[in-house]
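Listed below are the structures to be examined.
Each of the two complexes below includes chain A, the first together with chain B, the second together with chain C.
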Partner chain A sequence: MKNNKNGNTRKSRTIKVDYLARVEGEGGLFIKVRDNKVRDVKLRIFEPPRFFEAFLRGRHFMETPDITARICGICPIAYQLGSSYAMEDACGVKVDGPIRELRRLIYCGEWIESHVLHVFMLHAPDFLGFEDAIQMAAKYPDVVQRGLRMKKIGNDVMTLLGGREIHPINVKVGGFYKVPTRKELSGLMENLKWGLDAAKQTVELVATFPFPDFEQEYEFVAIHHPDEYGLIEGNLVSNRGIDVPISKYDDHLIEEHVEHSTALHTRVNGRESCFLGPMARYCLNYEQLTPLAKELAKAAGLGRVVNNPFKSIIVRAIETVYAFEEAIRIVESYEMPNKPAFDVEPRAGTGYGATEAPRGICYHRYTIDDNGIIQDAKIVSPTAANQKTIEKDLWNFVPQNVDLPDEKLKWQCEQAIRNYDPCISCSTHFLNLEVDRA
Partner chain B sequence: MEKKSTETQSKPKRKPKLAVWKFASCDGCQLSLLDCEDKLLAVAGELEIANFPEASRLVQKGPYDVSLVEGSITTAHDAERIHQIRKMSKVLITIGACATGGGVQALRNFQDVNEFVRIVYASPQYISTLKTSTPIDEHVFVDFELRGCPISKSQLVEVICAFLNGRKPNIPAYSLCVECKRQGVPCVMVSQGIPCLGPVTQAGCGVLCPSYNRGCYGCFGPMERPNVAACCEQWSKLGADNGEIMRVMRTFNAHADEFRKESMRYENASN
Partner chain C sequence: MIEQSKVKLIGVGNRFRRDDGVGWQIVQALRQTHLPETEALEASGEGASLIEFMQGGDTVLLFDAVVSGATPGAIFRFEAHNERIPTRFFNYSTHAFSVAEAIEMARALGKLPARLLVYGIEGDDFDGGVSLTPAVQAAIPRVIELVMLDLKSETTATANGIT
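Our next item is the complex of A and B:
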């Protein structure tokens, strides 16, 4: 750990960010430094609680995709599909064939829209030293325009399949209200092909960014499916030995309530914090990536596992390539199903669903009665699950950079938080940055 | 709109300052602004984005020419904060069902919020929240309310342009039925017997649900002077039970007057 005396020789400092920018929702950061040692790190989440799990009690099981979508405007599909899978699980229905393919397709739309928003508009300005993407656009107009067009293509996929990109109206338990014709879907093809090319260029661009030397050890947790990159179905797996069906989620990932956050923290049962999201999926689902995505990752200098959270931006770009490829595959092979949805009749029981939101696993568990009325609901957002890991990163990152002036240190801490693409609106049930060097 | 970079702009008169504020919400409505991909850089060229934390670290002090407010009031701190924002804003526009109708979090208004806290949080003493979720106009004067869960991007651009040019926004207050007929979408209630809130819901979504073979669920809130009772009676005739009617009235605009009152009628009837 370097400790030259050029910069801050004060005995104690407070780094404080009252309102974190370029994240979704309301949070801040507080870091206390004494004698160049970090004494406290708190990722503060003051997004007001909205009590979804409470008011879902007494609602009808078919309402969950519409209601839970409102947890998050950036990743509504994660909630719509997670809750649909949980209800189908409770009612003993398995959705497969073209409807399952369309679910993957709309989710690819959400990954593209959300990843591109984060890579270009929220995270890239940190690496290039701009306050925001609009400032960045003055110097790099082509890059920003390209990002906006890619994002729009993701939104177009969601709009075609879902009716609109924010809170789609066409997703239901069992499938969709209406499915597109082959012709309607093939209308997306030209843009998807352009998008794939733009996504390749994005990997090349972000690979040239300056990255702090910051390799960490993590327990990565993701959804794993033997035949496809984890997205909508599979086992809960980790690089430290978890490999169980989703119904065992609660045995392995435990939620805790801490005073400084309206978002519950998650830890691995018997161990420490967990890491969800693109780097976890990349580590655990590498074999299921396409040859092109693997090749681009190698060319970008990524190993088989990425342990530097600042490089999550490259992994997000790789996943964007994957999402465009997967969308193209689905559009090419699509056959319109006879019915837009499977029939789902309620029966008393508990169902589990977990899908890979752009930020990581989004877990749902519901208990319903014979009439389909919800008795109990539990929803865990990926950002809530990542909070402990974000704080741990800051505990390790600040000592390495304690010589930086306050303003610079503050910005880098914000960047370290944005590595996780935190979605605070989601996680409240779920952030304020302060560094106290007193 | 030209996609010229902002470098070469001459410095005419001062650009109007825009601020975006968030209260209890899902972030979707302010995301709509970033989702105006084609128009975003053009809008940014006409305005000074002076406070928009979701998009920028840069924060400029008020006063602001136009404030867009997303979300509902659910904490004592927020109930104070909205007054500060009103003082700093020449024009204050609320965007979305949370800000205009309390949002889905207003479902607490019908129950005991302390029980809600206990259901969700292991240590309820850490949580401070109000008993109700209320729209912004119950707290401060609002210049214009833009409806929707989420809002429509084209309506958002229309409202911003209208206020920048000192004219009234062209946002219809009639029902979704009018929009449906104009677009030639067959009535799902008449032709398929699907219960639909179109007759009492404000237009603006672009006829989404009926175009996808489902009934409207009211995410744009009540239209001007709706006949909610008659619409709900039609729901009954089509086989909806009292519980279902109460629930559909209590979703994303649960605190909007007309929907709230009707939901209470059906709650009493089902008990």
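Our next item is the complex of A and C:
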């Protein structure tokens, strides 16, 4: 019998991935199947706890962007800006004008870097049947080269505004240490225009991928701003009625400890799991997308809401188009501010900040004293918040595909996890796969 | 004199994390002494940037600190245009796409330079700080000697592995 390598029979099997590839950080998956029924699904996160919240206590509030940036090498801006917004909220400062625009621009750089890496290097090989992007490169060199160049453009935006492409050092509470001149910024334009065109082609390409039939019901949660696609500021909203300021996050999204994970699980208060990230933003911020992004989404066959998580790759490609368009808009209209940052004086209080990391909302809450010393900190990464939804998808996905041989089932389960572009390193405050059929 | 062909230098690492900065220190030392006009990149190790920078170079020399369990200061040399880089040497990055993957990706795309020599220097201390540990510092002149031999000979025959 094909799938009894481990002494399992068709009636009872275990699918086990000890170490998930093509995700950030360390985690595994365990699935137990009895009589073709799924009995257990555990997304195991064994990345050690990182204690950032504990060692922020006693530090000065101005240090948070540089300390929290170290939580993640892929989305440092989510941590830098989330913590900056929270501190500015605590201190009663509102950042606007060109500095706010530069914040959106550096975030576009991070979205481009992260989305392009995921779409081309991590997720596309699943759809095209390759072990990794290097194998894929041999068959589709033009596609991979296009992805590499797009990613490099994201790096360039990060380097210009952040000082360097990884762990940028130029973001501070109140704004930036140094801001670019108009001329420096306009140096990005030619590549951004090339990138927009490449992003359009990417939507067209990923729309042709084969997608499993897997429509699910989700509570999508995202940041929503009436005038712009949710990115840096706005209310916490969901498709099931949440619409509150970020300061009410803890009333609506509750964190719980589960034994098999070093990352806390999130559920919606009084309800079930939540879904953060590109599909949530697309659902809740559709009206704020550009006409081009909407048109491309329609041509790619996407409805007003996308409920098949495997199609997240198309939504990520749509958001990449948006990020290039938004970057071009900002570069074209930029006027250099007189000062690179707003002055922020500490005062005792609690502040809240949330921005849309590439994977979804990244929430920060800090309490500081009159000297700006941090008394309490809470940070929730989007992957941690999505864990429960990833497990729920697998509970529903495995029964539909339980007749597949173990190797194929394992492949598709990993693909289902990668729908969320999980960043395990961040979530520990993630992957190996195990399916137990015996 | 030294090169008819175009040479490019890459120093990978974070110069504020002690021995992790050895790659960039070697690049700087080479530019001060023998190769002043050479194009150089101080790299975080991010793959897309590495691949782009390598384009147009006939000989590319990449220097990076490694952690393999060897004696600190030990020098590893790989002719990456001919052989795969053992990923265990360059696997410490938190980024899903870093030095070893970038080199293998460039190979798959047919974008490797004619010669890509990768030097790994075993590090000891990666804590915050700008000074190298003595054993790693002492490796720099030895690496430079090897590089000069590499550049004298288009088909170099220096030994691989620990020197």
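Basically, the second predicted complex is superposed on the first by the 427 of 438 C-alpha atoms of A that agree within 3 Å, B and C clash if a C-alpha of one lies under 4 Å from a C-alpha of the other, contacts with A are read in each partner's own complex, and residues count from 1 in each chain.
By definition in this document, a contact is a pair of C-beta atoms (placed from the backbone, for glycine too) under 8 Å apart; a residue touches a chain by one contact, two chains touch by 3 or more.
Quick caveat, the model's predicted, so the values are computed rather than measured.
Asker: Could you check whether chain B and chain C clash or fit when both are placed on chain A?
Answerer: On the superposed model, which is not a single observed complex, chain B and chain C clash.
Asker: If we overlay the two complexes on their shared chain A, which of chain B and chain C does A:Y177 touch? Say first, second, both or neither.
Answerer: In the superposed model, A:Y177 contacts chain B only, not chain C.
Asker: Between chain B (first) and chain C (second), which, if any, makes contact with A:F51: first, second, both or neither?
Answerer: first
Asker: For A:A137 in the superposed arrangement: first (chain B), second (chain C), both or neither?
Answerer: A:A137: touches chain B and chain C.
Asker: Could you look at A:R164 and tell me whether it touches chain B, chain C, both or neither (first, second, both, neither)?
Answerer: both
Asker: Quick check on the superposed pair: does A:I71 touch chain B, chain C, both, or neither? Answer first, second, both or neither.
Answerer: Once the two structures are laid over each other on A, A:I71 reaches chain B alone.
Asker: Where does A:R267 make contact in the superposed view: on chain B (first), on chain C (second), on both, or on neither?
Answerer: In the superposition, A:R267 touches no partner, neither chain B nor chain C.
Asker: Counting touched residues of chain A, say whether chain B or chain C comes out ahead.
Answerer: The partner with more contacted residues on chain A is B.
Asker: Classify the contacts of A:K294 with the two partner chains as first (chain B alone), second (chain C alone), both, or neither.
Answerer: So A:K294 meets neither chain B nor chain C here.
Asker: Pick the chain B stretch that clashes with chain C in the superposition, from 115-123, 151-159, 187-195 or 241-249.
Answerer: 151-159
Asker: In the superposed view, which residues of chain A touch chain B and also chain C?
Answerer: Chain A residues touching both partners: 22-25, 72-74, 117, 121-122, 133-135, 137-138, 141, 144-145, 148-149, 151-152, 155, 164-167, 425.
Asker: Taking the complex as given, what residues does chain C use to touch chain A?
Answerer: 44-49, 51-52, 93-97, 101, 104-105, 108-111
Asker: Would you mind writing out the residues of chain B in touch with chain A in their complex?
Answerer: Per the stated touch rule, the residues are 3, 5-7, 22-29, 31-32, 34-35, 37-38, 40-41, 44, 49, 53-59, 74-75, 78, 103-105, 107-108, 111, 113, 115-117, 119-123, 126-127, 129, 149-150, 205, 208-209, 211-214, 217, 219, 244, 247, 251-252.
Asker: List the residues on chain A that touch chain B in their complex, please.
Answerer: Per the touch definition, chain A meets chain B at residues 19-26, 47-55, 57, 59-60, 63, 66-67, 70-74, 76, 117, 121-122, 131-135, 137-138, 141, 144-145, 148-149, 151-152, 155, 163-167, 169-170, 177-178, 256-259, 262, 264, 340, 411, 414, 423, 425, 429.
Asker: Once bound in the complex, which stretches of chain A touch chain C?
Answerer: Residue list for chain A touching chain C: 22-25, 72-74, 117, 121-122, 133-135, 137-138, 141, 144-145, 148-149, 151-152, 155, 164-167, 425.
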